[in-house]
Structure formats: structure tokens, C-alpha cells
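Notes to accompany the following structure.
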Amino acid sequence: MTPLWLGLVGLVLVLVSGGAMLGLAVLRRKTPPTFREIAAFQRLQDAIGRAVEDGSRLHLSLGRGGLVSPQNASALAGLSALRRLASLTSASDNPPVATAGDAGLAMLSQETLYSAHLASLVTTAFDPTTGRLTGLTPFSYAAGALPILSDENISASILLGNFGPEVGLLTEADERQGMFTLAASDSLSAQAILYASAEELLIGEELFASGAYLNAGPLHKSSLIVQDWLRWLVIVALLLGFVLKLAGVL
Amino acid sequence: MAEIRCPMCGKPNPEERETCSFCQARLKPLTAPPPAASTIRAGEEPLKKPTSDLERAALGGGESIPAGQEPTKKNTAELEQALPAWLRSLRQGEEDKAAEELAAESADETGLPLPSAAQPAPEEGLPDWLAGLGAQAQEEEEELPDWLAGIRGKIGAETGIPASEEPITHPLVGAETLDRLEGEGSAPPAYEIASGRMEAEIGGPQPSGGEEELPDWLSKLEETGPAEAAPEAAAPAFGESLPDWLSGAGEAAPAEAAPEAAAPAFVMGAEEELPPESAAPVFAMETPDWLSSLRPAEGQTPSAERAGESQAGMAEEEIAPAELPSWVQAMRPVEAVVSEVEIPTTEEEQMTESEGPLAGLRGVLPAVPGLGAVRKPPPYSIKLKVDEAQQRYAAYLEQLVKRENQPRRPTAPPKAGAANLLRWLIALFLFLVVGLPLAGGLRLDGVNQFLTPPDVAAASDVVSALPDNAPVLVAFDYQPALAGELEAAAGPLMQHLFYRGARLTCVSTHPMGPALAEHFVGRLAETQSFQPADRSLNLGYLAGGAAGVFDFLLDPLAYLPPPAEGVPDPRQSVPLSGVQELSDYALLVVLTDDAETGRIWVEQMTALGLRDEVPLVMVVSAQAEPMMRPYYDSHQMDGLVSGLAGARFYEQRVSLPLQTAAPYWSAFSLGLLLIVAILAVGGVWNAVHAWRSRQPAAEEKED
Amino acid sequence: MKLRGLLSTAFAIAFGLIVLLGYFLEFQPFYGLRLIFVEWAVILAGFAVLVGLGNLVTVHIKKIRAREKGGFYGLLLIFSLLMTFLAGLAWGPEHPNMVLLFRTVQFPVEASLMALLTVSLAYASVRMLRRRLNLFSVVFLGTVLVILLGTASLPLLGDVPFVGDWVRPFVSQVIAGAGARGILIGVALGTLTTGLRVLLGADRPYGGK
Amino acid sequence: MTTTLSTEWISGLVSFLLTVMVFSYLWKDNALFRLAVYLFVGVSAGYVGAVVCRQVLLPRLVLPLLEGDLLVVFPLLLGLALLGKLSRRTAALGNPSLALMVGVGAAVAVGGAVLGTLIPQVQATIAHFELDPNHSMAEQILDASTFLIGTVTTLAYFHYGARPGVQGPQRSKLVTLLGWVGQIFVAITFGVIFAGVYAAALTALIERLSSLRLFLGLLF
């Protein structure tokens, strides 16, 4: 059982973070914050442009983290990016195709693409198969996505979610097809593979910044400010702990 | 030679130029400078001819919308030919309903009641996909939770909005649609785009998309009194239901923001159409917020001044802005520099044509030939008032735009042939080097000089210390793809357990776990000739992640199916004899390829205070070692075996009769050494290649 | 927002906040409610798997109907899926026949796909410096070489001295341990704010946005 | 016995063929590889579906329902509504169920991030600075300092806040410096984990090759 004091510390942390996100979202609407440049997003912008211009498709993979598991946050971030990408390419002949290795995520990707479809001016019927479940185990999911990458005129593949070693198969398929790959994961083993194999990589928590960098909304931007605050809070705690430990106080 | 500074980009231009050679903004008024005597009278209607002329000029041939005419029908009708087929179908009567729905959905996105028929107009002159992009102009808006929008409502109210202000619905959008409005971005109607573009041409305000960002001149209006301020200021507060007849003035913002947010600068057409800011793409990093300081919202640029003056002109007239069609308001700043003709109002004053095709018609042509009496335009300063920072920003903006114009050279994918050849060579060498020792039973591993690592030694000591026939709980938490490694890594430990006569209870938090457990235990049973059923019981899959593990640790037997007639009760089986609760187990072994799963077991065991009662040993994939080792270092587990290397040490320490790791080890070592060689040589080769290919690029840059 | 949208958002926020409270305040009623709601979510995830199977089947039926490329493979997938599903329902996943099926099809294919990574990853690492030549890529590759060398045994000589017994442990346990901690803490921060956005109703992937 | 043998033999043959078919992907993406992959996707999905029905829905929903536990009626109704997602027409019915999963999932993620990673990792990092008098002080201080520097600089590397500048948004000099050091730690960390993944893949390859050899040994 979690000790009460620890639970309260956690609760306060969450409440303060949530309040700060909301407050900043309201207060900084007129002066939106500036963030460091991340080259991967510039490249993604070009890839989106090319896809829309040459009528090819974008592929976004949400990974295989369970919807009711602690790994789902990466997929939720991926869904924000999917919504934005779908809107940006809404007038393209080919809407993006989303793949997932978890049934819940597949349904969410369908809903996200559907809402983007409704918001667009496209009058063609929505194709629910643009949000797909390609497999229910990590490697079957990756293996099921391989044919999509080679058969469906994909020009850019965006991997945002929870992956494992199987992500190596996806990046190799991308490379074989000569398509642009932007990848990010919360899993360290996946990141290690992507570091070597992905054309563009978002490291660690940069995955969760995709919404802010894709202009998904003020709460996304205020999230990054709050993350920065918490980051320095943690750093100060570590430095204090180090000093106190060496001093023998702790 | 005298120079004129462009009011838009501030660049010097030759005096004789009509338009700026950098941003194509107009440098000179379209009409001749009017005589000083003229003044504008309150209550005068704006002129059709000059404004439409001006609009045509300013929009580069864009269609004008005469005063007093319902703009939507005319515009879309004239655009008919330019529209894509699917949009033309929108105009068919029988598809009005579909159009309605489309408008409703778009309104759902934008928060603006959208005239469906006018929908196509924004694409005029833009690549049609931009229309879809435009739909995102106000995505920030929708981002805030609905209840939070209420807060903005209050903020808006503080800026002078009567709380009772009721949004006015557009005829084409039903009340039901309004209920659904959430405030997402959408392409504005034609005349809004027109007004937005016109404002851009004359340097009108260009808010960055947040609805409460009032254009500068609009906020000035607020000060002039509630009669005018209220309807305008309603834009931020009730943006979700802003009626579009009103949005012409207030909605220069979305009309402008739509292309701004949506048009990535690589769309050349869009760049030609839109002012430089419009070329900035949707990405936050591409439109850094300092750009907002370039915008007239700061009230520093002449454009803002002009906008302010134009509004002052509006204030002079006793026409409530609400009564003006939006496009007229958009024309306002322009009208300030346009000559005006006093039109005879009564029929008598109008002259009748006596000859020609217009014979007999009255008041067809203006009574006064030429431009007639013109009023003095308010004085304009063509000097751009910008401070250094803004100049710097402008320079950076120019860089951005230039950079966007240059076609980006995509990283050339490797030639398929060469890439495949490299793959095949790697595969060939790998299969040969790894396969040979396996095929010939070759043993090249030499002597192991190192002592057994303490984590592996600790694991083997825990197993050695088990009482005979002790019940052991084993979690098979890895995916089948990693079974090859995990079965090799855990082989020695599992063998050791069976030699100690351990009775296994198998569980898994992975759906494939039950099969993996059967598979692994079955293979061990084959090598050691015992019946799996006598020595192990498979409890199956624990769903729910951490919560599932927590429940299981609280009461392991609760996961067994209820006793049924004719079916032997597993509670009475050998593996479970003497086991009532978790603390009855002598050891918990977790086989996992995922640090997250390992963490769950460690944390739940610690949380339930079971760590002192049941020892915990983990066998992990080599990839998870760096994440799992800290738990061993902090004594949250009693032993750790990672990968084939760990198994090999375990095997050597325990000296089991049947070795499972050793036969793999030679192939493993040779494979690793081969890869080390390939990476070293290939890495250096590619590094040199990349370095050499950089040189020409660098030289190009210098040139 | 439509009523259904409001209901969905209310569900997400209400259930989410109660479960969240249950995490931090592990006493009744929060703790009990958390366990119940997580249990419900697990049950729903079970239903979701069934829907997922339906999705998998319909996607391939559509391909077959449209006579798209790979229609035959789709047929094979549907057949194998239905057969395995029905057999699993009838016998149960631990039944010897199911284990045999697992051993015959799933295990070899998954293990082989994992084995393919030896070539894919080697190729990617070799190409990495051509794609991205900078200090960090060189450090990455150098680390890979050191760790692999420290793991292997040299033929006839045994383990590599110094690299195997000092460098590898220090790099993998101290330096990588520190880096991994930093990354994991950062990911936790991102997870916190992402989860909060959902709980605040800002991100609504369930039919909202 | 012969039946078992023949079954085992056929199983061995099929797994041998499937392994070869998957390895054929190294040559190029071909029909044999796809055959193996689609078969594999179907079998794994069917297996997981069966596991979920027998070990999640049956014990957690059906049995309690049969025992009259009304608490599971709500998830049952939501689950049935979720089945509406099978068709686009009825898909909206399942949104509340989906929303419940997302909400609970988000809470689980937040709870796990704070109580499972953030606080424990900070505690563990601080605990790592504990000095053991039985070991060399210099070595321990070196370890502890490296650990502190690594964690702090890696965290600093991700800092997002920046000031607008002519060359685009710029972070402060201190953060840039810390971030640069952090990137070195990140690269080393990924290098170590990559080596681990490679070792795992190589072990899988060895296991596959030895299984192929075993089967060929049965033939010849």
C-alpha cells in the first residue's frame, strides 16, 4: 500500500500541475510561449506537404500499449498528433491511415479520423478501415503493418506510441520503401532502436510535446511549461538529496 | 532617386513603383490624389464603383461584392467554374441538406455558424486542400474544455460585453447546429476572406488565432462606447456562435488566421496569394510568438494607425457597425483614401439618357463625369515606424520565408541495389558465423576469467537454499518473440529449480503467457523426463496490469476456477499442496523482457509487504538489464540473471549436468564479434562518406 | 457539444478522477471504487478485443471484395483467426492442441521475426553515420561496440579483459543507469501532463477530438 | 505414440517452413513471407481472443453475472454498447464505453507516472548516493557524482522553454550546456540498450538456427 504521506504528495503534485496547466492555458493565450526548435517537426511539416501535394498517404502508428495500462499516455499523445495530421491533410485524396496493436487504440484512431473527416470539407464517405488493428501481439501488430507500408502508397510513416523491439521491423520497412520516418516512443528499448534506424527521432518526453509543436492547442503548450517547472523541481530535489546524503543528514 | 518605404514590409522601393517589389503590397493609392476641399458626410453610403475597383486591384482581380447585395450567392455563383466538382455539387439544390450538414459540422469545428453555400469561396485562388487546412485556424480555441470556455466568456464580459448578448444565427445554420458549436477552426465565408485579405493588403490586424485577441482597432472601438463596442467585442466572448454578418470586422482574425495557420510555405501559390505572415506554417516553432509583436495589435505600425483612423472615420458616421455588411467594414480603411462622388439621391436630380443603348434610362450613369468632387484623404505617413527589434524580427521573418521558398532536398534514400547488397552480405556472414558452431558443435568460448557477477551468484544461492519440493511461483511475462532468449537465459535457473524438486505455479500478465509457460515447462520436462502435470500448474493470464498483479498477490487461489463435478480440483493438485496464500510460496521467479512488467512485480510485492516473506528473483532480457539492475542494487529483489551472458555464469556456478547456455555461447560470441567488426568497418566507411559528401554542400553554401 | 459527446466527456472525467483519487488516497471509498472501475475497464478492454477481431476481419473482407492486392492473404488470415479463436474457446488456451498450434505457428514466426532484427539493426547501425554524422551518433556507436565487445568471449582467450570486467559494468550500470533515469523521469512528466489533459477534457479521442 | 510422433514431425516441418519463409524477407518482401505473416497474425489474434474470452470475460463478467452479482451489469451494458463499434452507423453508441476506458486509462497512467516512476525514481536516485563505508570512498563518490550529473543533465536536455532570437528560439546558455552533456548520456544509454536488444535478437537467431538444424537432423 502507498503510504498516506506519499499519496498526498502525489495528489498535491497532480492538482498543482493540473491547475497550472489550466491557468497558463488561459493566461498565456495572448502571449503564447516560445519553445526550442525540434528539427524533426520541421521535417514532418515537409513530409506532410509532400504527401498532400503528390496525393500519397501518411501512416501513423500508435503502438501496442494497452489502453488501460500505464503505457497508454504515449498513444494518447499519438492520437492528438493523428487528429492534427488528419486535419492538415483533410483535403488530400488519401486520408492518413492509422495502425495500432491494441483494440482500444484502434477504435480511438477510427474515432479521431472520423471527427477529422466530419470537420473537413470532403464529401466522400468516411472509410473506417483507415483506422486499423493490425495484430494483437507486439510482433503480429508490426508484421500486420508491414504490408500496409509497402502496398498503400505511403510516403511518410510516423510512429508515436509504445513499442518494443518490433519497431525495428517497421523502420526497416520504411527504409526499404524510402519513406520519411518520424518516430518516438516511451519505451527505452524502442528508442534505442529508433536512435539508430529512424530518419527523425523524438527522444524521451519529446513524444509528449508533439501536440504543442503541431499547434494542437493552448493546453498542450501549457503542458510543456508545467513539465519544465516540474523538471527543475526534480533537479533541485536530486541536488538537495545528493548534498544531504553526502553530509550524512539523510 | 527618391524612395518609398513599403507600408507592409518596410523595404525601400523606387518612387515610381506602384506595388512593393518585395511583398507586392500597393504603394500608391489607386485613384488620383483628391482635392483638399472634399469631406465625407455622415450617413453617406460607400461608393460601389471605386471600392470594387480598389478591391479588384487589391485582390489581384478578385471579385468585388457591391454594397447592399447578399454576397454569398453572387460570389459562389461566379466562382462556379473555378470550383472543384464536389463543391459544385454542393450548389445543387437537392444537396442543400448535405451542405447544411457539412456547414453544421464545420461550424462544430469553428464555432462560427457557417453558410454552407459560401463554403467554397475561401479556396478562391488557393490550392483546394488549403481550405481543409484553413479549418484549423482556431483549433486552439476548441482545445480548452467547454467549461473553461465559460471563463473566457467572463474575460470577454470584462471587456465590455453585455452578458445578455445573444448570438445571432445565420439563416443557413439551424439552432440545433448552434448548440453543437465547439469552437473549432473553419474556413470563413468568401466575403470574410475578402475582408481579411483586404486588411492584409492595407496592413490590417492579424491576430494569431486566439479568439479573444481583438484586433487593435477593434479594441479602440470598445472605448468609443458600448453601442459600437458591444457587438464587436462579442466576438471573443461568444466566438462559438458569432454570427457571420458580424464577423466581417471581428473575424478578420479567423479569416486571416485560417491561411496563416494552414498554408505551409512550400505551397507557392499560397505564398503569392498571402502576405508574408500567411506563409508561416502551422507549427508553433515556425510561427514564433514574437511575430505577434510584428502585428498591428501592438498599435505601432502605420497599418494599425490607418486601421485606427479608418475606425475613427467609422465612428464619425452614424451607422451602427451592426448594420453594415462585413465586407463594407472591410472596405472602410480603404475608403479613407478613395475619392467619393456625391450621388444624386432623388430621381429628379438624376439625368435621363437620351441616346444610345441606354436611351430613356434614368440614373444609369453618374451625374458627375469623371471622379467628381473628392475629399481630402487623411494624412498618411509612408515612413515605417519600427524599432530595432521589429526590424530584426522582420529580417528573420524574411529568412524564414526565403528558407521556405527554397525546395528542401529530401535525404536521398540509399540505392535499393546497394542497400540490399549490404543487407545480404551482413545476413550471409551472420548466418555462416553463427550457424557453423551450431552445426559442428564447435566450442570456442575459451576460459572464463571473470568471477560470477554478484547478482547471478545471489540468484543461484537463493535457489540452492530452497527446501526440497518447495512451491515456487513463476511469472512468464515475456512475448513469444523473446522466448528464444528468455528460455536460454532462464534455462539453467529453471533446471536448477526442477533438480531441487520445486513445484511450479505458472502465471502471466501477457495474453500469450499461458502458452509460453506450457511450451517452456514442456521442453524442460522432455529433457528431464518428468510429467509437467506433476510438477507444474498453469493459472493462466492475469489481466489488468498492475491491478491484476495486485489482486493476484492478495489471493493467488482466487484465480482458480470454482470446483466443479467431474473435474479434478486444482487446489488439491501437487503443485498447490500446502499453498493457501502467497507467503506460502518459497520463491517468486519473474521471467520478463520488459522493465515495466518487472517494475510492476517489484512494486506490488513491496507495496504488500511481501518482500521479507517471499524472495524475488528475476530473469530478464539483456535489453532490460540497465532498467532492472537499480532494483537489485536497491535490494528490492534478491537475484538477477540477465540474458544469455547471465545464464552462462549461472550454469558455470551451479554446474548442472545438462548445459543449455554453453552450446549457444560460442555462436553468440562469434556473432557478437562479427557484428563488432561490421559496425566498426561500416561505421568508419559511412562516416568518411558522409563527411566527404558534406564538403560540396558546404562549398555550395559559401557560394 | 452534442449530448452524447457531453456524456462521453463526463464519463471520462468522472471515472478518471475517481480512479486517480483511488491511487493517491488508498482508503475507502476511493480505493474500493478504483479497484471496481479498473475492473470494469479491464472487462471493457476484453470487449474491445472482440471488436478488434471484428475490425481485423472486416478490413480483410473489404480487401477481398474489392479484389485488392493481397486478398488471398486476407482469406488465409480470416480462416486462421476464426479457427484458432473457436478452438481456443472450445479447448482453452492451455490445451495441448493449442500449445501445439502455438509451438508450430506462433513461436517460430515470432522468434524468426526477432531474429530478422539482427540483420536490420546491424544494417541500420552501419548506415546511421551516413544519415546523421554528429558527435552523439559516434558516441552511440562507440558505446554499442564497447558493450558488445565486453559481452562476448574471444575465441580461445575467453572474456575481454578490462572492457568486460570494468568498462562494460561502469558504462551500463552507472552512465546508462543515470541516462535511463533521466529519460524515464522525463517520460513520467510527459505522461503526467498528457493524462491530465484527458482528465481535464481537453483531449477527447473518444469521438470528441 | 506414432500419432504423437507424426504430429510432432508435422509440427516440426511446418515450423521449419515458416521459419524459412520469414527469413526469406531478408532477400526481399515476397509472397512466402506474407503467407507466413498473415497466418501468424490470424493465429495470434485468434489465440488472444480466446484467452480474453476464457480468462477475462468468463471469470470477471459471465460467472459473477450467473452468481447474481449486479455490479457487473453496468460493464456488461457498456461492453454491449462497445460492440456497436463494429459498424460505423452504430459506432457512436460505444463512445461512452470508450470514454470510460480512456478516462480510467489516463488515471492509471497519471497514477503510475507519479507513484510508480516519478517519486520512486527520484527516491532511488537519491538512495544511490548512499556511501558504504566498506567500499572505496573515491570510487563511490565518482559513481554517485556521475549518476547525479547524468540524471540532471539528461533531464535538462529536454527543457523546452526558449527565448525568441534572430536564429530562432534559443535556450539559455546554461541549459544549452547542460543539454549538450545530457545528450552524451542519452547517446550512451541508448548504445547500451541497443547492444542489449542486439544480444536478444542474436540469441533468437541462434535459437532459430539450432531448431532448423535439429529438424534437418531428423531428416538426414
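In this document, chain identifiers A, B, C and D correspond to the written order of the chains, with residue numbering beginning at 1 in each.
As a convention for this text, contacts are C-beta pairs under 8 Å (C-beta built on N, C-alpha and C of every residue); 3 or more make two chains touch, one makes a residue touch a chain.
All of these numbers come straight from a predicted model, not from anything done at the bench.
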If you tally C-beta contacts across B-C and across C-D, the winner is C-D
The chain whose mean C-alpha position lies nearest the overall protein Cα centroid is chain A
The distance between the C-alpha centres of chain B and chain D, rounded to whole Å, is 24
Distance between the CA centroids of chain C and chain D (whole Å) is 3
Separation of the C-alpha centres, chain A versus chain B, in whole Å, is 9
Chain B residues touching 2+ other chains are 142-144, 184, 285, 288-290, 411, 414, 419, 423, 427, 430, 479-482, 484, 511-512, 514-515, 540-541, 543-547, 593, 622-627, 630, 633, 645, 668, 671-672, 675
Residue ranges of chain D touching at least 2 other chains are 26, 34, 37, 40-41, 44-45, 47-49, 51-52, 55-56, 60, 82, 85, 94-95, 98, 101-102, 104-106, 108-116, 118, 122, 124-125, 148, 151-152, 155, 157-158, 164, 168-169, 186-187, 189-202, 204-205, 207-208
Where chain C touches two or more other chains at once, the residues are 9, 20, 23-24, 38-39, 41-42, 44-46, 48-53, 55-56, 58, 70, 73, 93, 98, 102-103, 106-107, 109-111, 113-119, 121-123, 125, 128, 131, 140-141, 144, 148, 151, 172, 176-177, 180-187, 189, 191-192, 194-196, 198-200, 202, 205-207, 209
Among line, ring, star, complete and other, the chain contact graph is complete
Per the touch rule, the chain B residues reaching chain D in their complex are 285, 288-290, 392-393, 395-396, 420, 423-424, 427, 430-431, 434-435, 438-439, 481-482, 484-485, 487-489, 511-512, 514-515, 540-541, 543, 545-547, 559, 561-562, 593, 599, 603, 621-626, 630, 633-634, 643-645, 663-664, 667-668, 671-672, 675
In the complex, chain D touches chain C at residues 7, 10-11, 14-16, 18-19, 22-23, 25-26, 34-57, 60-61, 71-72, 74-76, 78-80, 82-83, 85-86, 92, 94-115, 117-118, 121-122, 124-125, 143, 146-155, 157-158, 182-202, 204-205, 207-208, 211
Given the complex, residues on chain B that touch chain C span 142-147, 179-180, 182, 184, 411, 414, 419, 422-423, 426-427, 430, 444-450, 479-484, 512, 514-515, 518-519, 522, 538, 540-541, 543-544, 547-548, 551, 622, 625-627, 629-630, 633, 645, 665, 668-673, 675-676, 678-680, 682-683, 686-687, 689-691, 694
Seen from chain A, its contact residues with chain D in the complex are 2, 6-7, 9-10, 13-14, 33-37, 66-73, 76, 104, 107-108, 110-111, 114, 126, 128, 134-137, 140, 143-144, 146-147, 150, 165, 168, 173, 176, 188-189, 191-193, 195-196, 203-206, 209, 212, 224-225, 227-228, 231, 234-235, 237-239, 241-242, 245-246, 250
Seen from chain C, its contact residues with chain A in the complex are 20-21, 23-27, 38, 41-42, 44-45, 48-53, 55-56, 58-59, 62, 69-70, 73, 109-110, 113-114, 116-117, 120-121, 123-125, 128, 131, 140, 180, 182-187, 189-200, 202-203, 205-209
